[in-house]
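Next, two complexes with chain A in common: one pairs it with chain B, the other with chain C.
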Partner chain A sequence: MDNDKLIIGGHEFNSRFILGSGKYSMKLIDAAVKYAGAEIITLAVRRANTKDQENILDYIPNGVTLLPNTSGARNAQEAVRIARLARELGCGDFVKIEIMRDSKYLLPDNTETIKATEILSKEGFVVMPYMYPDLNVARDLVNAGAASIMPLASPIGSNKGLATKEFIQILIDEIDLPIIVDAGIGRPSQACEAMEMGAAAIMANTALATAGDLPMMASAFCSAIEAGRQAYLSGLGRVLTRGASASDPLTGFLRD
Partner chain B sequence: MVKINGELLDVAGKTVTEYLSLTDYNTKRIAVERNGDIILKSEYDTAILCEGDIVEVVSFVGGG
Partner chain C sequence: MDNQFFVDSEYLSPEVLAKKHRLESDPGFRKNHMEYMPGMEIIESDVCNNVLTHMNSYDPSVYTKKDVVAALEHTTCTIEDFKALLSPAAEPFLEQMAERARLETSKHFGNTVYLFTPIYIANYCENYCVYCGFNCYNHINRMKLSMEQIEHEMRVISDSGMEEILILTGESRGQSDVKYIGEACKLARKYFRMVGLEIYPVNTDEYAYLHECGADYVTVFQETYDSDKYETLHLLGHKRVWPYRFDAQERALRGGMRGVAFSALLGLSDFRKDALASALHVYFLQRKYPQAEMSLSCPRLRPIINNDKINPMDVSEKKLCQVLCAYRIFLPFVGITVSSRESAKFRNGIVKIAATKVSAGVSTGVGDHESKYTGKEDDSMQGDEQFEINDNRSLDNMYKDIADEGLQPVLNDYLYV
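Presenting the complex of A and B:
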């Protein structure tokens, strides 16, 4: 287990929990990172304001890798602009591509995401595209230079869990890049299940931001993700299609 | 006029540095884009804002 590293674009991580930073107080980030055991945290890029001198970067512990997203982008061109601005903000080359055309369901635009991945990977970014789980699209993203694939589990922010389970499993089975389940994971048990399936990591934000006690929920997710990872590495026991199988020796003595 | 973060401002002819000095932006934590292209920090002293430019000044916020 000690050598079980998550490798994204040549960078090694021990934690398999990618933490979001949206929809909660910046003052909770330090505790969230600590209890989540997180080594990667996502951020968004927005118009700066002059009223608030506090900046989220001042609240993120040193050593945590920043993963800016391109939320707000409606096409590849806008995502590329946001990614370049994020890099200019001086926090490394990681970018999570997030392109949405529709504000009701917030579903990712896979076609534009492939285009943006191709452009940004050529510019040296470590590109982590958020996508609707589709094997053909995932293969195109691999060819476009993605460093990982981030399929959604259910609509973003819904906490509904693994609605796309079968299709995520196909990606895990067929794609060699880390498959990081992003969006919709609402409970630690769902994170654990995705990890048991062989997901490389879990990204969660709303599940924590809407929890009663954020740091405690971060800790619960951390435990669940580790448990799921160990279960996957150990190899799950088989499932019988019918009937039963005794766990005890079948040679009784009382009726002999 | 220059459109900065959606607002029309009378700052044409000023450098980025001169414009920023009139504001309360935390200049260590921002990036500046003009007409879709980034203005590097090293260019702030020399890049002059022009009539009709569309400028975005951005920073990081919480996000998922």
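Presenting the complex of A and C:
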């Protein structure tokens, strides 16, 4: 397990839990990072577009990699502008592309996301696109220079878990980049399940923000993600659906 | 208590008074409120028809306890469910509605509460809207700020820490034209992160111009969706044209604005029908413009200068809370703004249930922020208020009160792109 690193765009991470920073009190960010064991934290560039006294950047602990997102962008052009602004603000080269043309479900626009990925990867960004899990789109994102793929599990904020499970599994099986499950993960058990499937990491925000005790929930997610990762690496055992099964019930007649 | 809106001022000449009285008493003397005036853009849209069809057939009395329970059990709140939640049958379920509303709010907004403040840059008005302090027959101090005065006001507000501003004017194209408002937007972009407008409705190209000047959000209150009732309250001026006002948000979105806000002024007409129509206005427009950010307000009638008897009629705080919970359950994704018309106690409670934005450090007068914020006596002229506010909290106090409730006050979450 010690050598089991998450590698994104050439950068190595030990933690497989990416923490959101919106939706909850900024004074809790420090505790959330600590209990989650997180090494990457997202932040909305638009939320960092504020005066000094309330700047969320001041609340991010040292040594944590910032993953600025382009929320608020409605097309590729706006996402590119927000990403460049993030770099100017000193947020580094990582960027999570979020492009929404829908204010109700906040579902990502895959077509515009491909366009923005292509532009920003050429500009040297480590591009992590948030997307609706579609294999063809994921392949286009790979070709456009993405550093990871971030499919949604269910609508953002819904805490509904792995509604797109089958399609995320296809991405895990077919795409060589890290698949990071983002949006909709509501419980540690759902995070664990995604990790068992072979997801490279989990991103969560609302599940923590709406928990009774945020640091404790962060810790619970951390444990669940580690457990799921270990289960994946160890190889899941056979699932018995109806009692014990005889060995080779169908092909036993072929035995010598 | 019924509202007695008609107040005569001793400063009006006999001729003007005679015209005012005739407008009040003779419907035939008033212009057709459904007919566009010259220069008003007409757009093709089915939204109005959809809203009115539902509103006109809505009978709140037919809904029962069973309908309310079913509405609360459904994962997705349908239009029928929403009608049940607005009905008298839902009144005994207020706590359950609040629980569900709180859940939906937290899913979409976490525990954040946004803060903003209005700035009135002019209070001249060409309309006679009988309940409004700015109406053209009301004797008040009128004022239009110069660009220097606007900049001074904005600096005072910005120094208080505020980052989102809502620019308001009285509805007078003559005194405060689109160019004047556009210049104010350009100044506002220097001092604030987010600029919204609450001005008279304009045409699509004018909204596009104001967007280029830096504004990205437009608020237009329909006052009442009952056009017959509207006609009896808005007796004179361009605001009298009901359909032009209805289509304002759609024109604003076509003009490139990011978001639009809606409301009826609760207490003018049947508040349940008005609440239904307000939410459906959002609902149908969102389906047509899915990228747009939508928000709802919920103003109730307040006293004005020269008429302290104006009141919100049957819309009690409990009923307002019911409306806001129903809004939240039906439209979980929309912003809900609760203004300083409401008390500190009500606002402290409602931000934990359904509201996502509150104003602070509010003045509805013109050019008086410095004296209000610093207590410094100011000999320069000031314009009178549009209505009396209820919650006088400063930004600092509001920020602290929200944080003390365990919520996260947010001054800005927006970028102009």
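Criterion: the second predicted complex is superposed on the first by the 234 of 256 C-alpha atoms of A that agree within 3 Å, B and C clash if a C-alpha of one lies under 4 Å from a C-alpha of the other, contacts with A are read in each partner's own complex, and residues count from 1 in each chain.
Keep in mind that, in the parts below, contacts are C-beta pairs under 8 Å (C-beta built on N, C-alpha and C of every residue); 3 or more make two chains touch, one makes a residue touch a chain.
Quantities reported herein were computed from a predicted structural model and do not represent experimental measurements.
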| item | value |
| --- | --- |
| Superposed partners chain B and chain C on chain A - clash or fit | clash |
| Partner chain(s) touched by A:57 [first = chain B, second = chain C, both, neither] | first |
| Which superposed partner A:84 touches (first chain B, second chain C, both, neither) | first |
| First, second, both or neither for A:65, with chain B first and chain C second | neither |
| Which superposed partner A:148 touches (first chain B, second chain C, both, neither) | neither |
| Touched partner set for A:158, first chain B, second chain C, both or neither | second |
| Which superposed partner A:74 touches (first chain B, second chain C, both, neither) | second |
| First (chain B), second (chain C), both or neither touched by A:22 | both |
| Contacts of A:117 with chain B and chain C, given as first, second, both or neither | neither |
| Steric overlap of chain C with chain B in the superposed model, located at which of 25-33, 61-69, 151-159 or 187-195 | 187-195 |
| Common interface positions of chain A, toward chain B and toward chain C | 22-24, 26, 44-47, 50-51, 53, 81, 85, 157, 205-206 |
| Residue numbers on chain C that touch chain A, as the complex places them | 106-112, 161, 163, 193, 286, 290-294, 333, 403, 406-408, 410-415, 417 |
| List of chain A residues in touch with chain C within their complex | 22-26, 44-47, 49-51, 53-54, 72-74, 78, 81-82, 85, 100-106, 157-159, 205-206, 209-210 |
| In the complex, chain B residues that touch chain A | 5-6, 23-26, 29-31, 33, 36, 38, 40-41, 56-64 |
| Residues on chain A engaged by chain B in the complex (per definition of touch) | 20-24, 26, 29, 42-48, 50-51, 53, 55-57, 66, 68-69, 71, 81, 84-86, 88-89, 91, 156-157, 183, 203, 205-206 |
